[in-house]
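Shared between the two complexes below is chain A, which pairs with chain B and chain C, respectively.
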Partner chain A sequence: MDGSSHLSLIIDLSPSQWHLSAQSSNPHPLSFQTFLSHVLTFVNSHIASKHENTLAVFGALPGKSSMLYSSLDADSGNGNDPPADANSYRPFKVVNSVVTNNTQKELDLIGGLTEEPPVALVGALTKALCFINRLAHPPSGSLVDEAAASADPRILILSVSPDLAASYIPVMNSIFSAQKLKVTIDVCKVFGEETVFLQQAAHLTGGSYIYLERRDAFLQYLIMSFLPPPSLRHIIAVPRQDKVDFRAACFCHKNIVDIGFVCSVCLSIFCSPVAVCSTCRTKFPMKTLQRLNASRPAIPPANGVSNGSPRPPSARPSTGMSASLR
Partner chain B sequence: MNSGSDSDSFDEGGLTTRGRKSKRKSGARASEKGKQKAKDQGYSWEATYARSWDTVQEDEAGSLTGAVAELLARGRRRRLLAPAAAIRRSIIRHLVLLLDLSTSMTDRDMRPTRFDLTLEYAREFVTEWFDQNPLGQIGIVGMRGGIGERICEMSGNPQDVLHAISERHKLEPVGEPSLQNAIEMARSSMSHLPTHSSREILIIFGSLTTVDPGNINETLSSCIKDRIRISLVALAAEMKICRELCDKTGGAFGVAMNEGHFKDLLFELIPPPAAQQNTGTGAGGGAAKMSADLMMMGFPQRLPDTAPAALCVCHAQMRAAGFLCPRCGARLCDAPTDCDVCGLMIVSSPHLARSYHHLFPVKPYSAVMSSQDATGSSANCHACALPFKTTPATNIGEGMSPFDRYRCQDCKNDFCTECDVFVHDVLHCCPGCET
Partner chain C sequence: MPTADGTTDDQQEHRLHALLPFLQTQSQTSLTRLYQRPSSCLSIFRLLGAVERQLVMNLLWLDLPIQTSTMSSWVTREGKALFDDALASLARLHFLSNNSAIKLGLSTTFKTSMRHAITGGGTSVSFGVPAEPDENRSAPSIDALDAYALERWETVLHYMVSSGTGQTPIKPSQGVLFLLQRSGLMAMNQGQLQITSSGFQFLLHTPHSQLWELLLQYLQMVEERQMDLVEVLSFLFMLSTMELGREYSIESLSDTQRAMLEDLRDYGLMWQRRASSRRFSPTRLATTLTSSLPPLPTATSTGGAKDQGFIVLETNYRLYAYTDNPLQTAVLNLFVTVKWRFPNLVVGAITRESVRKALLNGITADQIISYLTTYAHPQMRKNRPLLPVTVQDQIRLWELERNRIKTQEGFLYTAFASQADYEYVLNYARQLDVVLWENAAKRCFFGSVEGHTNIRGFIERRTGGSGG
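Entry: the complex of A and B
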C-alpha cells in the first residue's frame, strides 16, 4: 500500500469512433479534445498521488499501436521538453506536451488512409504487458529503480471501438499473462456497445469494467473509479460491473457465439457443425454431425444477439463430407 | 525465468554436484559457506535440497550476467528445437493418480518423509494440472494393505480432489502395495469414458515389491487394449515391471534422485501430451484410433450479486448470483457443468481459451547477428521500447544475438531478450503481429 503504483494507460484512437462520439445527436456528446484534456488531468493526478508513481501511455490506432509516453524515457530527456513555465508544475507539463504531441503525430500519420482498419487494441495491450514485464525484470544498469519494480501494476483501457472478434485468442492470451504478472486490467467503455472480451478481461484480472453512461462526467468517473491503485481498493470501494458475458468468438467466421460446437481434440470453437476441424484437421464422425444438425433447429435465436445465431452450413461441410467418406 | 529452464539448470545441478563442490571449496568466501559445505558432504540423501540457484556460478568479475545469459541461451535453443507446427494434443484428459500408501512410504530418504513429500507435491500437481487442463478430470486411488482404495472419485473440480488428499491422517501408510489391484480399479473407473478423451494413470511408487492376486501382465495388456497411458515415478529404484508398464502404454517412467527431481518428474506430466497416433510398440495394433468428436457447448452469462434472486435448477435454492444457460435460460450455480434442464454442456469461454496457446504457438524469433541487419531497423524494442545496444556484446552464448535483438519472421520487428522470453513463455502472441 505504501509502495508506488504503475499505470499503463491504453487510449483507443479510432478516428471514426471519435467522430461518432462527438456528434451532437448523442445524448452526451464527447469530443476527442475534451476527452484528451480529461485524460491528461487524470494522468496528472496519478503522478501527483505519489512521487514514485510511474506511467506509460499507449495508443491503439487503426492497424497499429504505439507508445505515446513512458515515464522511464521522459526522465532521460529526449529533446521534446516544453519551454520552462513558471506557472506550471514541470512533470505535468512534460506529460501533457509529450502525450499531446505524440497523439497528434500518430493521428497525422494515419490521416491519409481512405479506409480505416480496426484499431490494434491487442497490439497496445501486449506492448503494455511487455512493458510491465520489463519493469518487473529491470535490465542491469538501467534507470529503473527498486520502487518501480515493486509497483503494483495495472492497465486501464479507454475503449471506444467494438469488439474485434478476430483478436479473441490474443486477448485471451493477454488476460492469462496479466493474471500471471498479477496485473489488474481496468476497462472504461467510453463510447459504443459493451465489449464482451474486455468485460472478461476485467473480470478475470480483478479489475473493474465501467460503461460510461454520463459521458459529460468522464473525468469524475476516472478520478472516482480508476485513480485508487488495486492495493487500496479493499479500503476505497470502486464501482464495478459484475455482470459478465462469457461468450466466445468462433474460429471459422469470427462470430461471437453463445452456443458453439467444440472440437474435442483442440477445443476450437465453430458456430455450426463442421465435418473437419480447421485447426487440427480432425475429422468428426458422420453420426455426430447428423445428430447435431438435427438438433440445431431447436435452438431459439440467441437472446438478442444478432451476430450470434449460427449460419446455415456453406460449401465447407460438403467438402468435408467427401473427406470423411474417403 | 520460466520453470522449464529452471528444471534444465536443475538437471545440471544433479549431475555435476561433485564438480561444484570442489569449486566451492576453493572459493574465497569459504567462511560464509562453511556451514553449507559441511552439509554437502557425505551421501546424497543426507544432503539438503540441491537448489537450482546454487548451480549459477559467478564469473571472474563476480558478476552473474554470464550465467544468466547461458540460461537464456539454453531456453532459446530448447524453443528452436521444439516443433513449430501445432501438434494434436488430447486436451480433454482423464487421469487417475495412484498413490503408494504402503509402509515403504514412511522412509525418510526424502524429507520430511516420502509420504509427506508425496502428499505435498500431489497437491501442487493437482492445482497446476487443473490450471493447464481446465476440462480434465482427476481421480485418486491409494495402494495399501494389499488392495486398491478409492480416495477420490473422478472429478473436474480441483477443490474436491484437493480436499480428498488434504487429510493426512486418513491416508496413513500401512501394509504392502498392490499394483495390479490399484491399476484394475483405476481402469474400471475409466471404462465408461467417451472415446475422445485421454485416459491416463500416474503412479507414485515407493516400494520395491507388489503383492498381486493374479498375473500383472494380463492387466498390462488390458490397459494397452483400453488405450490407457501409464506413467510412473519411482521413489526407490527401477523395477522391470514398472518400466514395462510405462514403455508398453506410451507413458513416461522416471526414478526420482532427490526431492527436486521428484517434483520435476511429476510436473513434466502436466502439459497435455501429444495425442497418441498409434500405440507405441504396436502391441495394440488393431485397437481403434482415439476418435474425435464435435461437442455442443453453451457459453453462459454471469449474473451479478445484485441480480434479483431466483431458484437455481441445481439445488432448488434462491440465489442471486449465478449463470444463465444460453439455450433454456435456466439459472445455474456454477460453470463448467451440464445444464440440468436441457442437458447442454455449460463452460465459460476462458476455460477453453486457457489451452489455445498450445494450438497457436508463436514461431521462434531469430537472433540478429550482423550489425548490418541491426542498424537497418528500429532503435528500440518493438514491445517494451527498451533501446537496443549499438555496440555488439563480446561474450555471448551460442544462439544469442550480440545486439540483443530477436526478429519476428512474420512482422520483421525486433524484440529484446526479456521480451523474447516473455512472448514465447507467457504471452503466446507476438506484439508486432497482432495489429
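Entry: the complex of A and C
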C-alpha cells in the first residue's frame, strides 16, 4: 500500500466553458487562473507524498489534445527551466512553470478560431492510457526503474464541458482499456451539468465521480477525494456517486437514448428498430421489426433515468432485435 | 513482482521509518524549531506512512480545526485502527495542535512551513542556496558524483567485511571508524577493529537502511559533540530535497552545518572540490534519503550493467554472481562457498558449512534469503517464486538445526523408595508445572530449577512426616 503511485491528470481546457464558469452570475464563480493554481497545488501534493510518485498532465483542448507535463522527461532542461530558488522545492517549481507555460502556449494557439470545436477529451484520455501503458511496460534494457512500472496508476479528469454524444464509443473503448490496464479513472465535474459517460467511466473502473458543488473549496475537494491512491481507498473512504446514469448513446445518431434497440449479434445500439444492423450487416426479420415498432412507447420519456414499462421480450432472440432496458 | 516484492511491501507497510521513533523522542521545542523549515517538513512528511500523509494533507488547507469525528467519518470501518494509530503517531511528532482529542488541526508552525513547501515562497532559504555558476570549472557530472558516493560507501563496507580476514583494505577516515565502533557494528579486538555480529547483519541490509542506520548513530552522537540537533537534522533534510548534479553554496549554512560538511563528505553524501571550497554538491545518497525505494548508485562497479540484480541461484544450490565488485564478492563470501572466480563472474555453492558459518556470525536465514531476493538477477525475476523453494527451505532448516538442542537447567529426582512415593511427588511437581521429563520405569524425573525448592521441601516434609 505504500508503493509509489502514478497520476495522469486530464484538464479540460475549453475556453468557452471556462468563460462561463468565471462569470459572476454563478453561485461560486471559478476563474481558470484560480482553478489552475489549485490544480498545481494538488499536483505538488501528489509529488510531495512520495519521492517516487510520477505525474503526467494532459490538456483536452478544442479539437486537439496535448501533453502538458510528464515526469519522465521533465528533468531534461527544455528551455523553460525556471531559475533555481532557495525557497522552493525544485520539482514543484518545475511542474508549476512547465504546466503553466504549456497551457498558455496551447491556449494562445487556439485563440484565432471563430467557432470552437468540442474538446478532444477522448484524445487526452487515450494519450493518458498510452502513457500509463508505456510506464507499465518499460522497453527491455531501459533504465526505467521498477518503481514506475509497479506504480498503481490512476487518471483524474477535471471536466467542464458537456458530454459529447459522438464520442460514446471511443469513451467506452477507453474505459475497457483502462479496466484491462487496471487503471482507476476519477472524475471531478468542475462546471456544467453532469456527464453520463464520465460517470460510467468512474463507475466501471472503480474510481470516484464528484460533482463540484462548493467551487470555492475546490482544492479541499481535490485533496480529500482524489489524493489518496486507489490502494489507500480501503482505509480512507472517498465519496462515490450512489446514482449512476447508465444510459448509452445509439450508434446511428449518437443520441443518448433511454430505450435502445440492441443487435443480438454484435450488441450495437440503435435508437429505433432497423432492418439491417449497420455494424455487422445482420438482417432482421420483418415481423420482429413490426412487433418492436408496435411496442414502442408513443412519447418516449423526456429525461432522467428511464424506468419505462417492461418491454415484451423478443420472440426469437437469436436472430431478432431486442429492446434493451437501460 | 507480485510474489517476491509483495511480501516486502507488506513488511514496509508495518515498519516505521527508522528516523520517526527518534524524532518522537525529541522535545516539542526542538521539533517546533525544526518545523520552521519547509524542507524539513517536506522530508519528514515523506517518511510518514500513507495514511498519515493523507491526514496531514486533509488538514493542511483548513484554517480552523475540525471535529475529530468529522475526519473519522472518512475512514472505513476496517481502517479505524490504522486511522487511530496514524493520529497518535502524528500527535507524537507534534504535527497536530494540542487538543487533538476533540478537534483536529495541524500545529501552526508545521502548517505554515508545509504550505510554503508545497506552494513555494517564504524566506526560509531551506532548500539550499544554489551556487553561482563558475566559468572556470563546470559542476561535477551526475556520473562523477555517483562514482564518488559509491567509492566512499563501498570503502566503508569493504573495510567492515574484510576486517576479520587479515586483508588490509583502504581505511575509511577516523570519523567513520569511530562511528562504526560507536554503533556496535565493529568492536576493538586485540588492538584491531573487528566486525561484530550486528555488523554482519548490517552488511546484508539494503543500502538505504544501512545509510539511515549510520545516520541515526550520527544523530545520537550529536549532543556529545555539542552540536545542535535541530541544525544537524535540518541540514540532512535540506540535502534530501536538493537536486542531484547541482552545486550549492555554503553561504547560508550555520557553523554547525559547516562542521558537518566534513563528516558527510566522508560518508559520501556530498562532494566538494576542496575541503575549503565554498560550494558543495549532494550525491545520490543524499538526495534519495527520503525515498523508500533507493535508486542508489549502481551496485555493480565497472560492469556497466545498471541493474541491481546479479545473482542467479539454481535449485542445485549453485550460485552464479555476475559481478567484479570486491565488496559484493566479499559479502557473498559470508554465506557462500566460492568455487571459481572469473573476471566478471563468481561461481559458488550454498552449502551447509557456508551457511552455518554465516549463522555463527550472527546472520539469520531470513537475512540471507532477503539478500538473495534483493540482488536476484533480472533473469531470476521471471521465476515464481523468485528463489528456488528447496534452497530457501534448506537454508531455514540449517538455521533450525542449530536450535535442535535446547538446554535447560534443572534437577534430576531419582532413587524413590517406592512407586507410590514416586508418583506422589511427581503429581505434586506436575501441579506446579515444573516437570521437564519423566520416566516411570526408572522412577526418576527431571524438574526445572524454579520448582526445586518446592519439591525438595515437599519431599522433606513427607519423609519427615513419615519418619515422625
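Brief remarks on what is shown
One rule holds in what follows: the second predicted complex is superposed on the first by the 293 of 326 C-alpha atoms of A that agree within 3 Å, B and C clash if a C-alpha of one lies under 4 Å from a C-alpha of the other, contacts with A are read in each partner's own complex, and residues count from 1 in each chain.
We take it that a contact is a pair of C-beta atoms (placed from the backbone, for glycine too) under 8 Å apart; a residue touches a chain by one contact, two chains touch by 3 or more.
Keep in mind that this is a model prediction, so the values were computed, not measured.
The superposed arrangement places chain B and chain C next to each other on chain A without a clash.
In the superposition on chain A, A:T41 contacts chain C only, with no contact to chain B.
Shared-chain residue A:L232: touches chain C; no touch with chain B. The partner of chain A that touches more of its residues, comparing chain B with chain C, is B. Residue contacts after overlaying the shared chain place A:S295 against chain B, while chain C stays out of touching range. In the superposition on chain A, A:E106 contacts neither chain B nor chain C. When the two complexes are overlaid on their common chain A, residue A:T282 makes contact with chain B while staying clear of chain C. Of the two partner chains, chain B is the only one touched by A:L129; chain C is not. Using the contact criterion defined above for the overlaid structures, shared-chain residue A:D152 touches neither chain B nor chain C, since it reaches no partner. Distance between chain B and chain C in the overlay is 5 Å (nearest C-alpha pair, rounded to whole angstrom). On chain A, the patch touched by chain B and the patch touched by chain C do not overlap at any residue.
Listing the residues of chain A that touch chain C in their complex gives 1-4, 41, 44-45, 48-52, 84-90, 92-93, 96, 143, 145-147, 150, 219-220, 223-224, 227-229, 231-232, 234-238. Of all the residues in chain C, the ones that touch chain A in their complex are 1, 5, 9, 12-13, 38-39, 42, 45-46, 49-51, 53-54, 57-58, 60-62, 74-76, 78-79, 82-83, 116-130, 241, 243, 246, 252, 288, 290-293, 295, 306. Considering their complex, residues 63-65, 67, 70, 73, 117, 120, 122-123, 126-127, 129-131, 133-134, 137, 139-140, 142, 167-170, 172-177, 180-181, 200, 203-204, 241-248, 257-270, 273-274, 277, 279-280, 282-285, 288-289, 292, 295, 299-300, 302-303 of chain A touch chain B. Put simply, chain B touches chain A in their complex at residues 65, 86, 88-92, 135, 196-197, 275, 291-307, 321, 323, 326-327, 329, 335, 344, 348-350, 352-360, 381-386, 416, 418-419, 422-423, 426-432, 434-435.
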